[in-house]
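Once you scroll down, you'll see the structures, which are given as structure tokens.
Across the two complexes that follow, chain A remains constant while its partner is chain B and subsequently chain C.
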Partner chain A sequence: MIAQLRNASPRREAVFMAVAAVILIALPWIMPYIGGYRELATRILIWGIFALGFDILVGFTGYLSFGHAAFWGIGAYCSGYYLLHANANALVAILIGVAVATAVAILLGYLTLRRHGIYFAILTLAFAEMFYYAALAPLQDWTGGDNGLTGIRTPELFGVKLDGDEMHYFVAAWTLLAIYFARRIARSPFGLMLRAIKSNETRLQSTGVNVYRYKVTAFAISGLYAGLAGTLYALYETYVPTESLHWTTSGEVVIMSVIGGFGTLIGPMIGAGIVLYLENVLSASTEQWLLIQGLIFMFFVIFLPGGVMEGLQRLADWGRKRHESATEAEARGAAPKGASAPTAPLRQRSQKG
Partner chain B sequence: MDIGSLALQLLTGLQIGAIYVLIALGLTLIFGTLGVANFAHGALFVIGGYLGWLISSTTGYWAAFILVPLILFGIGVILERGLIQFFYRRPVTDQILVTFGLALVIQEILRWIFGGSTKPFPPPTWALIPVDIGIGYYPPWRLIIVAVTIAIVVLLFLLLRYTRFGLVVRAGMHDPEMLRFLGINVTARFTLVFGFGALLAGIAGVIGGPTTAIYPEVGMAMLVPSFLVVVIGGMGSLPGAIIAGILMGEAVSLAVLLYPPISQVIVYIVAAVILLWRPRGLFGHKGVMG
Partner chain C sequence: MSEDHTIKGGKTSAVNRRQFVRTMAGVTAGVGALSFSGSAPFHFVRGAYAQDAIGNFPVNGSTVVYGFNVPQTGSYADEGEDELRAYKLAVRHLNEGGGMLETLQPSALKGNGVLGKKVEFVTGDTQTNPDAARASARRMIERDGVIMFSGGSSSAVAIAQQYLAQEKGIIFMAGLTHSNDTTGKDRRRYGFRHFFNAYMSGQALGPILAKEYGQDRRAYHLTADYTWGHTQYESMKDSTEKQGWTTVNNIMTPLGTTDYSQFLTAVLNSDADVLVLNHYGQDMVNSLTQAVRFGMRDRQVNGKQMEVVVPLYSRLMAQGAGSENIQGIFGTTNWGPSLDDAGSQAFVKTFEAEYGQPPSQAAHTAYVQTILYSNAAETAGTFYPPEVIKALEDFECTGVGPGKTLYRGCDHQAFHDILVVRGKAPDQKKNEFDLLETVEQIPGESVKYDCDMMPGELGPYEPTA
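Right, the complex of A and B next:
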């Protein structure tokens, strides 16, 4: 996947973005045919942005964060607060939300990235919970406490009310931008450096690279994406629930990314789509959606840790192998099977521990 | 504010800390020997709480006090044999993800069985009537929690210090690879340690449940501060977990007294300050009790 990205020509990239644009814009029209509703498409894109940015941190550097609800929630609260008390300008609201979320991400990154593996997961989880409880009681004059921020006005962009389809186009534009930059990052020397952190941080450190700075930058970028997604969510829902800061939000993005496949950029977005779509379809007939979601998540963690993308990759390899052995058999008569080319695992094993 | 009420509040802090200590000790034992951060430990605590509520409402509290930890031990052994053992050789990320998934699944199963509402889980009635303890009237239940925790800590110390099993566990916390080279069956000990950690979570659930209330999400609400206790104590350090647990309990308790809205945030502030000052925690290196 990444190798393909690095070799992509500008023309192929342009084709990819055009196809992505068509899919993103067409999604609300497809949804009703497969049991969804139009606004579900917008929701999927917003969570897709969140998962995409999350992948830049987790999929590339291997640092699993359990605290990205903090940036999503802070983005949502800040833009919601702006819309509630200032005016309906969507761009300013987004700018404020994203700026604050990124600033907090840099700060938390400095604090938590000193440790890795388990420590990092615990510390990010703990700091995000700190923001949740802070919003709940001590800051309730600003955050609305248990009720969240309610009665947010419909945002406007140059005088156009962002509602329904307009909101979807607005979110789709941001999603395209997010995908474009994520792919740029993946191709860049910076992206290569992040993957070097995942494969062997100590080795990279001993070559004289300031690993810490790269990690903080990656953390800040993923915080920026989470903040953007959070602000868009506040604009789309015109409501900020307290759950935006709760660990379930962090857990949700982890679940989406695992189901889609870490480290593939497109995988986590697909994961977001799968989770939200299944939630919508299954909650209609069962009250145990969360249990089903947990079981699906466990299935992927145990049997297919590379997610849907690894599944597709395996299917493709299997198909190719069958094809190859078939043509081989044709060429050589009844030659024995086996001795096929080893397939590179999609997901590298991390060395940390 | 007089000295008496301050002393009582400190005693309450000790009780809150005691629950953190029980959960954190299990986490530390499991992390120290198996190297797994058990995100499902809070869920085990809630199972303990629900079972305690169920058994005590049918056959009485003391039956629950004996049975629940034993059942949790069994659940721990089953989980380790059935699931966790397959993850020792997988990346740390996968270990975190699988225990996290387990926590979600257990939480949802509990919600399915018992519903999402809070269960009233009262301790024995005699334990609720405040008694005069010299500095004022105080409910004996909280004293019992502290006493049970002290007893557990002492037993754990004796177990680790004076038994062959304890020797192996301590050695395992120090250098599991070397232990394997010496021809000791580490795997069997791992299973017991995981079961033992679950047992501690069960005790925390059955004695702490009446003070924390029992509902499906309380597991995660207890797990996060307990994890912080483990981290600021210094991961893998048992004395660190005990001291950090008491510290956290007192911090919460004093916050309740001084400025209640901050009582749920204070744990994180204390943790942030300690980790800024000493990133590897209070008892930094992989310390072993004894």
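Right, the complex of A and C next:
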């Protein structure tokens, strides 16, 4: 996947983005055919941005954060607050929400990234919970307490009310931008550094690289994505619940990433789609939807730890092998046997990294 | 040859166009006539805007869909389940008659559906989470085309849905929500609450507490630190101080606290002789059982027996805390299955026959909300939301519970008799559901307050978004 990304030509990239654009814009029209509804598509894209940014941190550097609800929630509250008390300008609301969320991410990154593994996860969780409880009680005059931030006006973009389909196009545009930049980051030397951190941080440090700064930057970028998703969420819902800062929001994005496949960028977005679909469509037909969601999650962790993307990769490999063996059988004797062999080990190596 | 061809071609196309225009005119006229005959009564009787599309109005087809959005997972799942039972019963009574349809006065309901359309329903899971509740409501509104939705067992969830209702132009009939804000500062034109509120609990409870425990009591409050808790504390403080009580102190306890010992120690170290627990659900179960274990109820302070008060009771909480802990403890409820008025009994009997157990107050409010909405639509003669809202506003009726029920127009709060109850001792109860005894039935009139006491804006009849 990553090797493919690095080698992608501008033309292939353009084709990829065009296909992505078509899918993102068509999603509301596809939804009703699979038991969903149009506004669910917008919700999926918003969570998709969140999961995408989360993947830049977790999938690339390997630092599992349990506190990204903080950036999502802060983004949502800030832009919601702006819409509530200033005016309906969607772009300014987004700018403010993203700026504050990113600033908080940089600060938290500095404080938490000194620790690894479980300590890092717990630190991020603790900070996020601090924000949650702050919003719930001491700051409730500003946040509306557990009633949430209510009465937010419908946002506008150059005089156009963002509601229903307009909102979806607006979110789709941001999603495209988010995908584009995430893929640029993944291809860049900076992205390579992040993967180096994941494979062996100590080794990288001993070569004289300031690993800490790279980690903080990755953390800030994923915070920016979470903040962007949070602001879009506030714009879409015209309401911000305190639950947006709760740890369950962080947990949800982890589940999405696991189901979709860490480190693949697109995988977590697909994961967001699957989780939200289950949550919003399955829950209407059975009370036991949480049980089914749990089983699906366990299936992925046990049998497909690389998520949907690994599944797709395996399917593609299997198809190719079948095709190759068929071709080989046809051309037996004519071509040397191991002609197509080098591609397989190469792919395996790239997957590990 | 060529000329002939041209003429022929031109002729063909001209005939086609004429045919097309003629056909379309016919179709349009036909459709127009059909729609006129179908909607004429509403159109001419109900003002010029009666055909504007709002939310999921107009309702096409021979059925109308209601959405029941209740907690199916999480800590209030039991309440949600009971609400759902009541909703299903209400839908059956609307379609086939029976239950409160026979007791509601004045009533326009005929027991053949609503406005001649069969009532169907869809359900959703709020998870007692405002975000999930709104997502679920959006699905009902957009995919399932509901004309009204109802349910919930938390004020935050009710308020979140109420705002969505206003935005989408779909009426929301709130379920269990007790915070003053729901019909106070967060009241909405498209939201209606039949359940009572914290202020009414306080007003009902104050005089009875003074009568039972005396007027020179010193109260210590423990309050769940969220908006419902705050409004409950303010209301209790206000009403008990009116009776001459002193409020010693109040501690805000975080929502979801499991260990109350530090707060209870503070109570023990004070000279308070009444402990008021402004907690709901699991919070109340924990704080009350721990207070009993701390020996609160065996304590003598200022030469008086120490007492515990739980302003808002529910059957679920009483079951959770257990009879041995709640016996003799005062609180309030919106309704109780032991009430013997015709409306309550019609409901209790059909509910018990269907499910083999008595309904809870959550079930009652869910049932009544569905019936009152349907009656308003039938009275208005249309599902057009602004007309249904106007039919509900200041609607007064009997037969949905004890005494009169009034849906006040200025804040969409219903006023009706409420109950001051006391926990039964373990040997007094007849079955596992029989946990609370009614001490006094408080008339709705005596807990009424001015709309302006809790300022808020209902918003427009026609949604702006």
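Throughout what follows, the second predicted complex is superposed on the first by the 324 of 353 C-alpha atoms of A that agree within 3 Å, B and C clash if a C-alpha of one lies under 4 Å from a C-alpha of the other, contacts with A are read in each partner's own complex, and residues count from 1 in each chain.
Definition applied: a contact is a pair of C-beta atoms (placed from the backbone, for glycine too) under 8 Å apart; a residue touches a chain by one contact, two chains touch by 3 or more.
In this text, all values refer to a predicted model and were calculated from it rather than measured experimentally.
Partners chain B and chain C, brought together by superposition on chain A, clash. Contact with neither chain B nor chain C is seen for A:Gly311 once the two complexes are overlaid on the shared chain. Of the two partner chains, chain B is the only one touched by A:Val254; chain C is not. In the superposition on chain A, contact is made by A:Tyr133 with both chain B and chain C.
In the superposition on chain A, A:Leu290 makes contact with both chain B and chain C.
Of the two partner chains placed by the overlay, only chain B lies in contact with A:Leu125; chain C stays clear of it. Among 116-124, 224-232, 242-250 or 278-286, the region of chain B with C-alpha atoms clashing against chain C is 116-124. Looking at chain A, you'll find residues 133, 136-137, 140, 290 touch chain B in one structure and chain C in the other.
Contact residues on chain A toward chain B in their complex (touch as defined above): 62, 64, 66, 111, 114-115, 117-119, 121-123, 125-127, 129-130, 133-134, 136-138, 140, 247, 251, 254, 258, 288, 290-291, 293-295, 297-298, 301-302, 305, 349-350, 352-353.
Chain C contributes residues 72-73, 122-125, 129-132, 134-136, 138-139, 142-143, 155-156, 159-160, 163-164, 167, 179, 181, 186, 225-228, 230, 252, 254-255, 464-465 to its touches with chain A in the complex. Remark: chain A residues 32, 35-40, 43, 133, 136-137, 140, 145-148, 150-151, 154, 161, 163, 237-239, 241-244, 279-281, 283-284, 287, 289-290 touch chain C in the complex.
Taken in their complex, chain B has these residues touching chain A: 31, 35, 37, 83, 86, 90-94, 96-98, 100-102, 104-105, 107-109, 111-112, 220, 224, 227-228, 230-231, 235, 261-265, 268-269, 271-272, 275-276, 279.
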